[in-house]
Amino acid sequence: MTVFDWEFAIDHIPEVLKGVPITLLIAVVSIVIGSFVGLFMALIRVYRVPVLNQMTLVFISFIRGTPLLVQLYVFFYGIPALVEAQEWQVNPDKISPLWYAFIVYSMNAAAYTAEIFRASLNSIAAGQLEACHSVGMTTWQGLRRVVFPQMMIMALPNMGNIFVNLIKSTSLAFAVKVVEIMAIAKMLANQGYNFLEMYLVAAVVYWVICLLLEVIFHYTEKRLSIFKRAVTV
Amino acid sequence: MGSQQWGILFAQIMERLPITIAMLIAALILGLILGTIIAIIQIKRIPFLHQCMTLFISFSRCTPLLVQLFLVYFGVPQLLSAFGIYINDLTPFIFAVVTFALHISAYLAEVIRSAYLAVGEAQLEACYSIGMTYTQALRRVILPQAFVLALPNLGNTIIDLFKDTSLAFTIGVVDIMGQARLIIGNNYGLGMFKVYIIISLIYWGVCIIIEIIIHQIEQRFKKGRVNVAKT
Amino acid sequence: MIKLSGIYKKFQQHEVLKGIDLEVKKGDVLTIIGPSGSGKTTFLRCINFLEKPDEGTIEIGSTLKVNAIKPSKKDILALRQKTAMVFQNYNLFQNKTVLENIMEGLTVVQKKSKQEAREVAERLLHKIGLEEKRDAYPSSLSGGQQQRVGIARALALNPEVILFDEPTSALDPEMVGEVLQLMKQIAAEGITMIVVTHEIDFAHEVSNHVVFMDGGHIVEEGTPEEVIVHPQKERTQQFLKRLRKNPEYII
C-alpha cells in the first residue's frame, strides 16, 4: 500500500472545493450581520444603557464561554424540541440547516466584534467627540463622521482575525448537516479509507483561503491607514 | 417532574469532567513546553528550524482544529502503517492530547515571543551593564516581566483550549461532550435539549471559574509594577 | 586606568567611529561632547561592549586587555564586571524594588551575601537621599529619582569606571539639577567617570578632561579650559557657539 495516494488526492480536489462557496457564504453573512449587532452592543456597553448593558454582558459571556459546537447543537436540536414542546405551527424540518448556521455564527461574530468595537471606542471616543462638539456637531454626527471611521480602521486587524476564525469554525457546521468543505472531505475519506489524502486536501484548502485573506487584510489596512502615516521631519 | 431528570443528567455528565480537565492540563503542559522551544527558535532565528517553525505556526493557525484532529487520528496511523508501524490501538485520548498540544504550541509560541520582546532590549542592556550573563538576565529580570505580560493572552489561550476539548468526542473520547452524545444516543434522541442546556452551562461555569483564577493570578503578580516597560 | 586604541565601527556602509584613541587615568572625570551623530554614544557603549567595535582594543586596569576582533565571552563578561553604566532612560529593573535594584549586581554578579549587599545598598540609598523609597518599584518614581537609583546601582559595584550615557537628557528640567548635583558629589570623591552629555556647564565645572567628537573623530582634547573656554579648532568653536546661543530665550 502506498504511503500517499497522490492521484486520489488530486482527483478529488475539485469536489472538495465545491464546499468553499458555502464556507465563504456562512462566514461573510455572519461577519456582516455580526458587525452591525456587535457595534450596537458595543455602544450599549460603552454608554452603559441600563438593563440592556447587563443583558449584553450575559450574552457575550455565554457566547465566549461555551464551545461553538455546543451552541450549534443547542440551536439545531433545541429549537425543534422547543417548537414541539410549545406546539407552534412551524415545521422545523422544512428549515434548511443553513439558517441555523447563519444564526449561530452571526451571534458569535456579534459577541467577538462587540468586544473589539468597545475597546476601539473607548480609546478613541472621548477626545475626538469633544473636538466634534467644539465645532458644533451633534453626538451622532460626530460618531458617524469621525469616530466610526477611525474605529473601523483601528478594529481592522482584529476583524481580520475574527473573519479567519469564522472560516475555520465553519468546519463544525457539518455537525448540523451543512455541506461545506469538511463534510465533503469526510464523505470522500470514508469511501475508500483515504483519510490522510482527503484531510490533507481540506487542510490545504483552508490554509490557502487563510493566507489569501491575510494578504487582503494586510493590504486593505495599509491603504486605509494613510491618515496615520507620520510625517518625517 | 423534570427536575429529577435534570439532576440525574447533570450528575452523569459531570462524572466525565475529570477526563476533560485531564485533557486540558496534559495538552497545556505539553503545549507550553513545545511552545517555549518554538519561541526560542523564533527569537534566536536558528537557521532552517526557524523557517520550519514559521511554516508549522502558519499551518496550525490557518487550519481548523477539527481538520488537525482528523489528520492526526485518521491520517497519521495510515501514514505510519505504510512503514509498518501500527498505532491504531492507542486510546483516542492520547491522539486528542497530542493534537491539542501541537495546536496551542503554535499560539503559545507567539504569546511567549511577543511577551519576551515587549520586555525590551533596554532591560537586557541594564543587566549586561552590571556584568550579568544572558542566563542570569533571563532568570532574574526578563522572564519574570515576560510572564506578567503574557498572562492575559495565556488566560485566553487556556479558555479557548478548554472549549476546544469539546471536539475530542468526534474521535471517540468520552469526556463531558462524549458523555452527552452517548446519553442522547441511548435515549433515541429524547431529552436532547435538556442535555445540551446542561452541557453549555457546565462549559460556561468552568470558563468563568478559569477566568476568575487567571484574574487572581494577574492581581498577585501585578502588585505595584508597571504593565509595559517604559521606553 | 582605561585605554582605548583604534576603535573603529561601521554600521552597514556608514562609518560611525573612525579610529578613536583615548586614555583615562584613575580619578579622571572625562566629558565627551559633540553634535548628534558624532558617534559619542556609540563610542561609550563600545567600552562595555554593548556595541561591538569592528576593530580596536580596550584595556582596563593593568590586567584586562580585550581585542575587539575576537573577544572571548569571558573577556566581554570581565569588561562588563569592571565597568558600570548609567543610562539615558534609567533602565532600572522594573520587576524589582529600589533596594533590590541596587543589591542585584552585588548578589548575582559579585556573589556577595544578601546581608553584605543590603548594608552597601542602604548606605548608598542614604547617600542619594531616597531611603523612604527603598521598597518602591521604579514605576512609582519620578525620572530624577529613578536616575539617582541608577547611579546608586552603578556605584554599588565599585567599578573601575562609571559610564554615563546622556544621564540628564530624558529628564524634565527641574530634575536635571538633582542628578547633576549627585554626579558632582561622586566626582569629588574620586570615582573615575566617563560622561557623554550636552551639559556644557557641567563639563566645565566638574570634569578635568574634555573631548570634543565630531563625525566619528576626536577633534579636540584637553582640559575644560582648553576645549571649552579657548577652543583651538574651528569645528569646536562653531559647536560651542551654537550651544551658547540658546539660553537667550527663556520662557
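To keep things simple, chains are lettered A, B and C as they appear, and every chain counts its residues starting from 1.
One rule holds for everything that comes next: a residue touches a chain if its C-beta (ideal position, glycine included) is under 8 Å from a C-beta of that chain, and two chains touch if they have at least 3 such contacts.
If you want to know which protein each chain is, UniProt gives these names: B = Amino acid ABC transporter permease.
In this text the structure is predicted, and so the values were computed from the model without any measurement.
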item: Most remote chain, CA-based centroid, reference being chain C; value: A
item: Most central chain, judged by mean C-alpha position against the global CA mean; value: B
item: Between chain B and chain C, centroid-to-centroid distance (C-alpha), Å; value: 46
item: Between chain B and chain A, distance of the C-alpha-averaged centres to the nearest whole Å; value: 22
item: For chain A paired with chain C, centre-to-centre distance based on mean C-alpha positions, whole Å; value: 55
item: Chain B residues counted as touching two or more neighbouring chains; value: none
item: Footprint of chain A on chain B - complex, ascending; value: 58-59, 61-68, 70-71, 74-76, 78-79, 81-83, 159, 163-164, 166-167, 177, 189, 192-193, 196-197, 199-200, 203-204, 207-208
item: Residues of chain A touching chain B in the complex; value: 1-4, 61-62, 64-71, 73-74, 77-78, 81-82, 164, 168-169, 171-172, 182, 185-186, 189, 193, 195-196, 199-200, 202-203, 206-207, 210-211
item: Chain C partner contacts - residues on chain B that touch it in the complex; value: 122-123, 125-133, 136, 140-141, 144-145, 148, 224-226, 229-231
item: Residue ranges of chain C in contact with chain B within the complex; value: 48-50, 77, 80-81, 83-85, 87, 89, 91-96, 104-105, 108-110, 136-140, 153-154, 157, 163
